[in-house]
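Just passing along the structure, written as structure tokens.
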Amino acid sequence: MAEPAPPWAALVLPLALALVATALATADARSTGPGREVLRLLVQQRRITRAADVPLVRLATTLLPVAAVLAAAVLPLGFRPVSDLPDGIVWFNAMEALAWAAVWLAGWGPNSTLSLIGGYRFLAQGLAYELPHMLAITTAALGAQSLRVGAVADAQAGLWFAVWMPAAFGIYLLSALAMAFWGPFDQPVGRDTAGGAAAELSGVDRLVFLGGRRLLLVVAAAFSVPLFLGGGHGPLLPGWAWTLIKTAAVLGLLLWVRRRVPTVRTERYMELSWVVLTPLAVAQALVVAVVVLKK
Amino acid sequence: MNLELFLITAAALFCVGLYGALTQQSIVMLMMGLELMLGGVILAAGAAWHHIAPAAADGQVLIVVAITAMAVEMAIGFAVVTALFRSREVDTTDMAAELRE
Amino acid sequence: MSTAAFWALAVLAVASGIMVFRFDSMARATFSLLTALLCVGGELIVLGLDYLGVVTVLMMTIEMAIMAVFMIMFMMNPAGLMPMTMLHNRRGAALICAGSFTSLVVGILLVPWPRRVGRAPADPTMDLGMSLMGPQMLTMMTLGMALFATIVATVVLATRRGRYDRYGDDLRAARPDDPVRGGVGR
Amino acid sequence: MDLRARLTRAALARPAVLLATSPGATRERLAVEAELGRRGWPSAAGPASADLLVFAGVPLPLRDDDWAERVWTAVPAPKARVTVTDAEHAAHTLDHGHRTLLTPAAHPAERHETATAAAPDHGPHDSQGSHGGMDHAHHGRPPGTVAGLPLAERAEDRDGLRLDRLHVPLGPALPDWPAGLVLRLELQGDVVRRAEVDPMPTPAASRPAFWSEPWLKALAGEPGTSGEAARRRCAAHLDSLGRFLGVAGWSDAATRARRARDRTLGDAHGEELRPLVHPLVRRVRKSRTLRWLTAGVGELPGGPVAGDAHSRLIGWLDGIEYALDAIGDRTPLADHPLIGPRGRVDDTEAPASRTLLAALPALLAGAEFACARLVVASLDPDLDELAARRAPDGRTHG
């Protein structure tokens, strides 16, 4: 059963997330390790573009990691989240939506064409992924008949949701990539726009923004564990270990996808998302609703 | 922290929004005023639910209605601006009023 | 704790609400409005309406982000780099607003509000859901129809291309003639 | 050595490099890219994320716009810049740049946020998107400037709305971009309304264009085998492929293509190259996502590069495999028709890249920014060919 974590967990949470994100960066590193990259950005000067809206840029870069950590507040490690809100799933969704504002502001703030294009791209991508994404997480809530994340994990003591709602799970993984603008969905910070929304950020700003993006990816991947992969349930090992193992597996999958697939452009994904994925997600929700009613 | 305080906050939001809606020429800014007014309505409904009749869900239903109204207002508003803009390149209320003449 | 939260959120909400109409930059105005509405969501949570508060936060964030794009499309001076006023009848509006605020406050303070009846349910969200799916079903259906009508009306108003533009006069084109090719390969 | 110096040294052990190539400097670019790959230095996508600015070839000002200087001011401190003018000295020049980066001169006297002198933007994009279109018909004011930036004007867009348009020059210092190409774009949001190829100030090249060198030599009557030409063609297509995949956002495959290109140019045997090239070609050819994303982009009805971006990509893949088989061929090149990686090489016609450039404006109008980048990458014009054509001594024919 979900029991509240001690208060100090709220302080440990950001550190733990940062740790996982660093581990992820190490696994992902091509040429420079994360430690050196962080050091490089700390040494680098923050630069300001002409007619830039500096407070907005600062706000945007800080908002991204803050949103990620707030979203993680409902994540159970094993069976103990920092705060098991009664509407944890909606909370997660709302905090993840804050990233929309953050990325758009980061694109708008520097008053540069290429970074603004990055900002536009993220909003378009958001509109594309959000609809099926909401339906997918609603399906998981429907299966457990609760919006509480702990209750959703508990409902999977037997069968994982990923097994009997595969469409919702697949859609969730796609949106996890898209909400962290990562891997094939990295168009908002694409190399073709010289870094997109992050094109004008340097030094600490860049570190905070891109670090926040990594945190968001970790949180999005970790959230799939209580939602679809049975949370901390598993044989032999304790709950927290299972949570970590499953999160690592999901992150590994996402990294692998990034290597195998080129960047998905929104104009193509939008139609796929609205014409194929949304009806699919609705059908999945319908099936789950029928099964739940039959029980 | 009683009902009156919540209602006064709601009234302040409502009146600020009203001021914006009355003064702004740009249709987009006008809609922002309307949003703020509806924000005040939501707050007032929530306060009334909590302090007057928490057992009944009517206050909550009113909030749902207000949130829906915000979404509808926004969507229709932007569609109208787009249509006006496409046909006449108009984006302020004064310019739209001139069209009648 | 909740008193402090109430005051902080209330002051922030009203202040950023005022700033909406004082900022020159559209981006700042939009996100100031977002701050005000997020504070309203926070107040709902203070009142014990977790679900509705979080939903308000979710909806308003997405709505304001989209509004920012329309802002850039249609406003003449979105960055506010060139200070300009886009106001009319300021004095009248100020009078109306001050008048209505005063009368509202007087009303709020003078009206004998009824005493609190009953207790909040353990799970207000469940209460809301049961109500919407039960006694308030008509409201729910009306909202659903309104939203559906909005979707149709919005698309009709905003687009200028219909299916005859896309598939030709006899609707027989194999591939729609769109400015940008979509992803489903129709 | 104090702590701060040691920290800086550790932080900048592998500086991020922004490489800006001038037309006619393909050899230098390839040498620098190969050296960066060997050292594992990351490549920066823009000036904001770069530490070391490397110019391949001496950067010439465009009209009266000194883009190199503006890119340089946009790089945040600590920074250093070097110019590679000789491919053989690439490694040496990079070392020099790295040393400069670690000296105190690379760090400003006062640090932190006083960087207001920093340039507005990426060197090449001078008219920033200051969306301030006050030049509304109803207000009748002439377009002005705000904060030294021109205001946007409005114009009809592809969906029938009159929206602000921004004039954005694209190039020459973008990642994965043809060297020396500058496009004057009119953007509405991220949709290209109009595009013009800027007339290029090409330096009078003393050497033939790198990618069509074997054929140009054969044309001039110098001996050469078709095996050498095939090697060059294979590398040229791998280079185009690497850039296209880079723009398409498939960095893993793009890195492999670059590595294969460097090995091909490094005189590896055909047998050594096969295990490097074949899996890559197979994977790119089979990728359904890539086909889904690039089909229908930049469709040309006819001409030497007819088809869409994806069919041009498949053309490169075929060319790579075909050329790989012919690397051992020892017959003289002059016996074969002189067709270089981008088309026919001869005296009479304009070089093939001129045709590619001419096709650009029509393809770009109405495309979204990402598609526009893909179109340019799928045509991959080689401006060296144009530069060499203007060679003063006339011997290179170009």
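Letters A, B, C and D mark the chains in the order given here, with residues in each chain numbered from 1 onward.
We take it that contacts are C-beta pairs under 8 Å (C-beta built on N, C-alpha and C of every residue); 3 or more make two chains touch, one makes a residue touch a chain.
All of these numbers come straight from a predicted model, not from anything done at the bench.
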| item | value |
| --- | --- |
| Chain ID, smallest distance between chain and overall C-alpha centroids | A |
| Which of A-D and B-C has more C-beta pairs touching across its chains | B-C |
| Separation of chain A from chain D, taking each centre as the mean of its C-alpha atoms, in whole Å | 33 |
| Centroid spacing, where centroids are CA-atom means, of chain B and chain C in whole angstrom | 7 |
| Where chain C and chain D are represented by their mean Cα positions, the distance between them in whole Å | 45 |
| Rounded Å distance, chain A centre to chain C centre (Cα mean) | 25 |
| Chain B, residues touching no fewer than two other chains | 82, 85-86 |
| Chain C, residues touching no fewer than two other chains | 55, 73, 76, 79, 81, 160, 180-181, 183 |
| Residues of chain A engaged with two or more neighbouring chains | 51, 111, 120, 267-268 |
| Residue numbers on chain C that touch chain A, as the complex places them | 25, 27-28, 31, 34, 50-51, 54-55, 57-58, 61-62, 64-66, 68-69, 79, 81, 123, 125, 180-184 |
| Chain C residues touching chain B - in the complex, by the definition given at the top | 2-3, 6, 10, 13-14, 17-18, 20-21, 26, 29-30, 33, 36-37, 40, 43-44, 47-49, 52, 55-56, 59, 63, 67, 70-71, 73-76, 86-90, 92-94, 96-98, 100-101, 104-105, 108-109, 113-114, 116-121, 124, 127-128, 130-132, 136, 139, 143, 146-147, 150-151, 153-158, 160 |
| Chain C to chain D touching residues, read off their complex | 72-73, 76-79, 81-82, 84, 160, 179-181, 183, 185 |
| In the complex with chain C, residue positions of chain D that touch it | 130-134, 136, 139, 144, 146-147, 149, 151, 158-161, 163-164, 189, 292, 295-297, 366, 368, 371 |
| Touch list for chain A against partner chain D, complex | 30-32, 36, 39-40, 42-51, 111-114, 116-117, 120-121, 184, 186-187, 190-195, 198-203, 206, 258-265, 267-268 |
